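Each of the next two complexes has subunit A plus one other chain: subunit B in the first, subunit C in the second.
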Partner chain A sequence: MVVSIVSTGLAIGCIYALIGITYNVMFSASRVFSFTAGTLGMLGGVLGSLFIAQMGMPVLVGFVLVLATGAIFGIATEIVAVRPVLKSLDQHLYVLSTLALALMAQQFTAIEWGTEARPFPRLFDIPRGGFDQQIWLPMLACAAVIVGLELLYRHTLVGRAFLAISEDNYAARAIGLPERRLRMASFALAGMIGALAGFAGGEMLLAFFGNAPLLTFYGFVPVALGGMGNNRGAVVAGLLLGLFQQAANFLVGGIFASVAVFTVFIIVLLARPEGLAGASLQRRV
Partner chain B sequence: MDTAAKLQPSRGNVLGSPSTWSAALPFAGLLLLGVAFPLFGGGYWGVIATRACVYWVLVSGLNLVVGFAGQIAIGWVALLTLGAYTTSVLVAGTATAEVQPYLALAVAAVVGAIFGLIIGLPALRLRTFYFAITTLGFATIVTQVALAWQSVTGGGVGVPGPIFPPPFSSQWGLYYFCFGLAAICTWMTANIAASRFGRALTAIRDAEVAAEASGISKPALLVPVFLFSGAVAAVAGGLFAALQSYITPDAFTLDLSVLFFIAILIGGRGSILGPLLGTILLTVLPELAAPLVAWSTFLYAVLLLLIVLAMPGGIAEVLDFKNRRPLDSGRAIIPRPELLAQLLPTSHAAGALTLEQVALSFGGVKAIDGLDLEIKPGQVHGLIGPNGSGKTTTLNVISGYYMQQRGTVSLNGAALPALARHRRAHLRIARTFQTPRIVGSASLLQNVMIGGTIDGEASFVETLLSLPCCWRDEAMLRETAMLALATVGLERLASVRADRLQHSELRFMEIARALMLRPAFLLLDEPAAGLSAEEIERLGTLLLAVARAGTGVLVVEHHPDLIFDICHHVSVLNLGRMLAAGSPAEIRSHREVVSAYLGG
Partner chain C sequence: MALTRRQALASAGAAAIASKLAKPAIAANEPIRIGYLPALTGPSSSTGIGINRGIQLAVQEINAAGGINGRQIELITRDTQSDPTKAVNGAAELTHGEKVSVVFGPVNSGESLAVVPLLARANTPQVHPCWVDSLTDSQKYPMCFRNAPTNQQIGAAANRYVMDVLKRKKVAVISDTTGYGTASVNAYVPMLQAKGAEVVYQGNVDAANPDLKPELLRMQSAGAEAIMPWSVNAGFLSRIINTRGDMGWDVPIVGQTTLGSGQTMALLEKPEYWARVYPNNFRNVCYAPGGKLPERTTAFRDRLKSANVDMRDTLLWWIAVGYDSPRMIAEAMKTAGTEPEQIVGYLNKLKSYPGVYGDITFSPDQHNGYPDDEVVMVEANSLKDGAFNLAPGYSA
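Coming up: the complex of A and B.
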């Protein structure tokens, strides 16, 4: 029992962490938290089911197409909802523009795909076991993304440019970095990570349009607790969130588990608004 | 007060002036239309009209949170759900003995107020996006609880909604009941909007630091707003349940929340009429064409995106004809310092604002390092120094934005409370900012009135009901603000939107706003930046007159001319330390200062 709670908790935690990283990658490039992070996760599940189960594509082709669509959606987010409002970052217009885009995608899915949750295909034709693919796929995806980002940021020129933009946007532009292209690349990358989260967790979350607001919320919890832009914090907080949610699920039942998660989240945030790891003092005057 | 009486703008009195009447005209029209509505439409249109009223009851309260205070509360449907279930469950008697419908509605209002506060609390501490997300989380959770708590809510099967006793049991009876409540909510929120509370809310939205410096405490202001907004949302829920006659968790989707939220933004922030029209529009729109029903939320989202990108001012800005008239281009700011005698009290308790050995470093950088400073009443004190020498930091320590790590800041011998920014205004310490902090969409007069917020006496509830004490506040604040505007030379622009003014005018406006506090100490952060030579001279005369009236003035400045012309005492900072202090003449001949700063 305990093994099942822990493994499911970690698997769900990995999905949350991945959505958290999606938030972070977009935030680092633009100082914008985008409501589309959860939508990307939802799209990963729905599109995966559409391409593989409905249209009968091979798994690998479906996977690549899902990632590509995620990237395109990420770029579209940047062009439609982020770039036009970057100048007025203070007025928080980005909250509204990204919310609008997220709602459009969610409603479009609800109408075209339906409001019922549909099953997600099994990706590997192997019999169900104790440590099933629906458990290890999210973990694998999460590990791959962490290692991939680490390699990208530390060992490639583009990755260093990403870091430079997130550290100091103005200075980065002053030394001639193509800020706009890097921002679009970041949003494409975030789109792929978000779609991957939904794809890898598809069997557990199903292909369901209503996953969008849920993932938007539960994926933001690791960001808020782990510190804005802090990927390691997001992974740790995401795993903890998954474990806590599963434990609460087992102890007090599904519905009150989400109440418990919500309550803990609010209390922690009110006590430490800057998150469990990280402090920021902004100059306001 | 003869002069002050003459300074009243021709339109803009509290009651009875043409501008008030023309502003009330659309509301009167809607009221008539609403009362007469049963004559034109019937059947299904009656249901839609009732629904629009119910939605507006909620949106009117939410408007104060979203449109005025600028808090992005997207999950307000949670409170509708809560109110609907509280009313229905109490009336149906599934959890308690059966309760009378009106009483149940009142209980729902109380429950809604409490939960409005609980949902709102994060807004007091968290950043915008965090608050948006927490309201979203709350909305998902309330529906889940309604689904799971079967013994009380009936789970997925639902519960019957309440039926109000005659005369409100029939379709038109219920309509008039909802319409009456909607009208009352409109009136109450309009009262708030036109009061110091409404102005303070917009100040928190657009210029939070200026709001704090004017003594507005965000928690103290937002708590009653969240209570009110939660209460009316829950009442709307009770009405919604009565209209639906049977409720299930499916009825309360996030789509509804989106409708409420977008109605406000389409209408325009900081307006009552705009969101009212927005609510009617969004309720009716899907009914005009059947295919629109399925796509309605998608369309709302598209509308939201268009509004944000193309016209952030919403319907209200489109309807604002008055502010499209071109302004005089050759206007000059001619302050009238002689009016200060009326504006400022003759004597302040004589005491000095003293800094002793104050030090503050950011990381390894010593911004100020053992600073001593004394600002005396009735004197102009200049603080100069090269960039990065700690001038603004000093100002920020005095006004409570930073806390010194060492040393004391005291007024009249009593230490100032650390980091309590809004307390500074109560001690009559006023300030201006390097970049003017304004509410762009409000008139100049309203901006200046924000400065006098703490001198109003009517409470939030008294203002909701528009009791006479609140009219007195308004008259007093308006009169003082006109006087302050006349003092700085801007009274002719009193009714103009602040974001249409020139930079120099905004600088003088900030001084007028600071003067509203009748300050014992006035702190100015580079007041001459961006001013013409003439304007600087007039500014100097004005500041000297303020000091002569008994106020201690601290000027942080780069313009040596202004400093040497008006200051009684000048302190020169360099790298966080005092390089020199003394009379302007002494400083001008101080060799280190001349070489380090003035260049000579």
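Coming up: the complex of A and C.
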């Protein structure tokens, strides 16, 4: 039982953490919480199944296409749902615009792909059992994203520019950084990370349109717990969420597992509104 | 030339008077209009597409044989697109605009829930094959008839199979968290207990939950001898079957028809996991132990084959219920007449109408026409040409 809680819990936790990072990458570039993060995860699974299982493409080609589609969806989100409402951030219109886009994408998937879950192909032709690829693939994807982002943000000029606009976009623009293009690049990057989450977790979650709201909710929990914009916090909180959820599945089961997860979530936020790892916000007065 | 408001009203009034006057003159030979509300597109369309093949064949056959007392049937179709709102619009159009004599459909419960009260208010006779119990009520909807089983009958058949045929007493009942799932568990658990079963596990689980092992372990440790899942979600059902297979647990799974669907099969980790899975089905459209369909159904299947109706990507019972419905309505009109009261009066006294799908009986107080004992369980992995083998233990 403990093995099952730890392995499956960590695998699901990695998917949640990746969706949390997707939220964060978009948030850092625009101060917008885009609720398309879960939709990107769902699309990663559905498109992976479409390209590889339905259309018979090689795994690598399918994978690259999934990432490319995720990036395009990210850019489209920025143009359609984020840019028009940036001027009035304080009215929180982005909640409506990004949620509307997410719902449109979800409904479109339901109509074109169907409302039934479909199988996601096995990516590596190795026998099932024990520490299966559906467990270690999400972990591998999560580790790759953490390392990749660390290298990007710390060691490349573009990465530093990303950090600059997330710190203070007025100052960044004042020193001549192309804020709009960097924001679009951030959304493309977030699109790829979200799609990767769904792709790596495809075998576990299946290619199912209903994964979008699930990932949108459970992916938001690590962001709220880990501190907004804080990727390390999101990873830790995502893994804890996965473990806790799986433990609750075993101990209380059924719908009570979700109740347990959200009870803990609310208690943590009541105790530490800025998140477990977030710094408390200073407000200008 | 600009049309004034007065002119427009005058011409509309004239048209209305003209249409009223003209009606009796052509009524004797004009086709009989039957309204039809299938979901031919959208997420719930697989049932509608299957039913549609049967209904089209039946209408062709009736018309080719001279129609109803010399009048042809005209099927007025409005695709509900699997959407209750569009079903309501379609129903309003059929009754008020097209003035149909009777409506068949909708063919999905969600749409029927919206349409049944509307047709009752319009005093239009309706026949539908939807399972939700509240969709017939001889007091509230005196013109609405169901030529298919109710959910109550579906659950009772599964319960009978588990307890009387498989002789299992300790049962686990699981569903997803949809309205259908929770309502089914709430209805079937007391029925099982009333029959003397011990329900050792009862749970509603989110259909998107990727790992059902905790639930199955809980069932196993509670001593469950049969799992009864109630969900139409193929992902959820396949996870139950896969987890049972991975655990190496040899327990029968008995429940919803979707257990035997192609979508469920596609999600299985190994084909052999589908053994000892028994979904609901209907005796008349199943292969008996010798591998034969009942005589009536064999003749029907031959007719389908000669009419080039594809049976491989759908289910025989969908085609059968589609085929039976217009024939039963035509029979009523031929014998009693085409007025609403005449159709309802005939159906209220219908006794063992020999459909391919089942033998339908109505009475003034009972508008659920499907017989209990024709709801059976089948072997999920035996699908051939749209029909299944009866589950082991049934007599031929």
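To be clear about the criterion, the second predicted complex is superposed on the first by the 280 of 285 C-alpha atoms of A that agree within 3 Å, B and C clash if a C-alpha of one lies under 4 Å from a C-alpha of the other, contacts with A are read in each partner's own complex, and residues count from 1 in each chain.
Just so it is clear, a residue touches a chain if its C-beta (ideal position, glycine included) is under 8 Å from a C-beta of that chain, and two chains touch if they have at least 3 such contacts.
Everything numeric in this text was worked out from a predicted model, so none of it was measured.
S.K.: For the combined arrangement obtained by superposing on subunit A, do subunit B and subunit C clash, or do they fit?
M.R.: Because the two structures are overlaid on the shared chain, the partners are seen to clash.
S.K.: Which partner chains sit in contact with A:P273 here, subunit B, subunit C, both or neither? Use first/second/both/neither.
M.R.: After superposing on A, A:P273 lies in contact with subunit B but is clear of subunit C.
S.K.: So in the superposed three-chain picture, is A:A100 touching just subunit B, just subunit C, both, or none of them (first/second/both/neither)?
M.R.: First partner only, subunit B.
S.K.: For A:L152, using the defined touch cut-off, is the partner it touches subunit B, subunit C, both, or neither? Pick first, second, both or neither.
M.R.: After superposition on chain A, A:L152 lies in contact with neither partner.
S.K.: In the three-chain superposition, say which chain, subunit B or subunit C, touches more residues of subunit A.
M.R.: More residues of subunit A are touched by B.
S.K.: Identify the partner contact of A:F217: answer first if only subunit B is touched, second if only subunit C is, both if each is, neither if none is.
M.R.: In the superposed model, A:F217 contacts subunit B only, not subunit C.
S.K.: Look at A:S258 in the shared chain and tell me whether it touches subunit B only, subunit C only, both, or neither; answer first, second, both or neither.
M.R.: It touches subunit B and subunit C both.
S.K.: When the two structures are overlaid on chain A, which partner does A:I111 contact: first (subunit B), second (subunit C), both, or neither?
M.R.: both
S.K.: Between 93-101, 147-155 or 219-227, work out which stretch of subunit B sticks into subunit C after superposition.
M.R.: In the superposed model, subunit B runs into subunit C at 147-155.
S.K.: Of all the subunit A residues, which ones make contact with subunit B and with subunit C?
M.R.: After superposing on chain A, subunit A residues 111, 214, 253-255, 258 contact both subunit B and subunit C.
S.K.: For subunit C, which residues are in contact with subunit A within the complex?
M.R.: Interface residues on subunit C, with respect to subunit A: 42-44, 177, 203-211, 213-215, 217-218, 233-236, 238, 263, 266-267, 269.
S.K.: For subunit A, which residues count as touching subunit B in their complex?
M.R.: Interface residues on subunit A, with respect to subunit B: 33, 80-81, 84-85, 91-93, 95-97, 99-101, 103-104, 107-108, 111, 213-214, 216-217, 220, 224, 253-256, 258-259, 262, 265-266, 269-270, 273, 284-285.
S.K.: Could you list, by residue number, the parts of subunit B that touch subunit A in their complex?
M.R.: So the residues of subunit B touching subunit A come out as 70, 72, 74, 121-122, 125-130, 132-134, 136-138, 140-141, 144-145, 147-149, 208-209, 254, 258, 265, 294-295, 297-298, 300-302, 304-305, 308-309, 312, 392, 396, 399, 401, 433-434, 525.
S.K.: Please give the residue numbers of subunit A that touch subunit C in the complex, ascending.
M.R.: Interface residues on the subunit A side: 1, 4, 8, 12, 110-111, 114-119, 128, 201, 204-206, 208, 210-211, 214, 246, 249-250, 253-255, 257-258.
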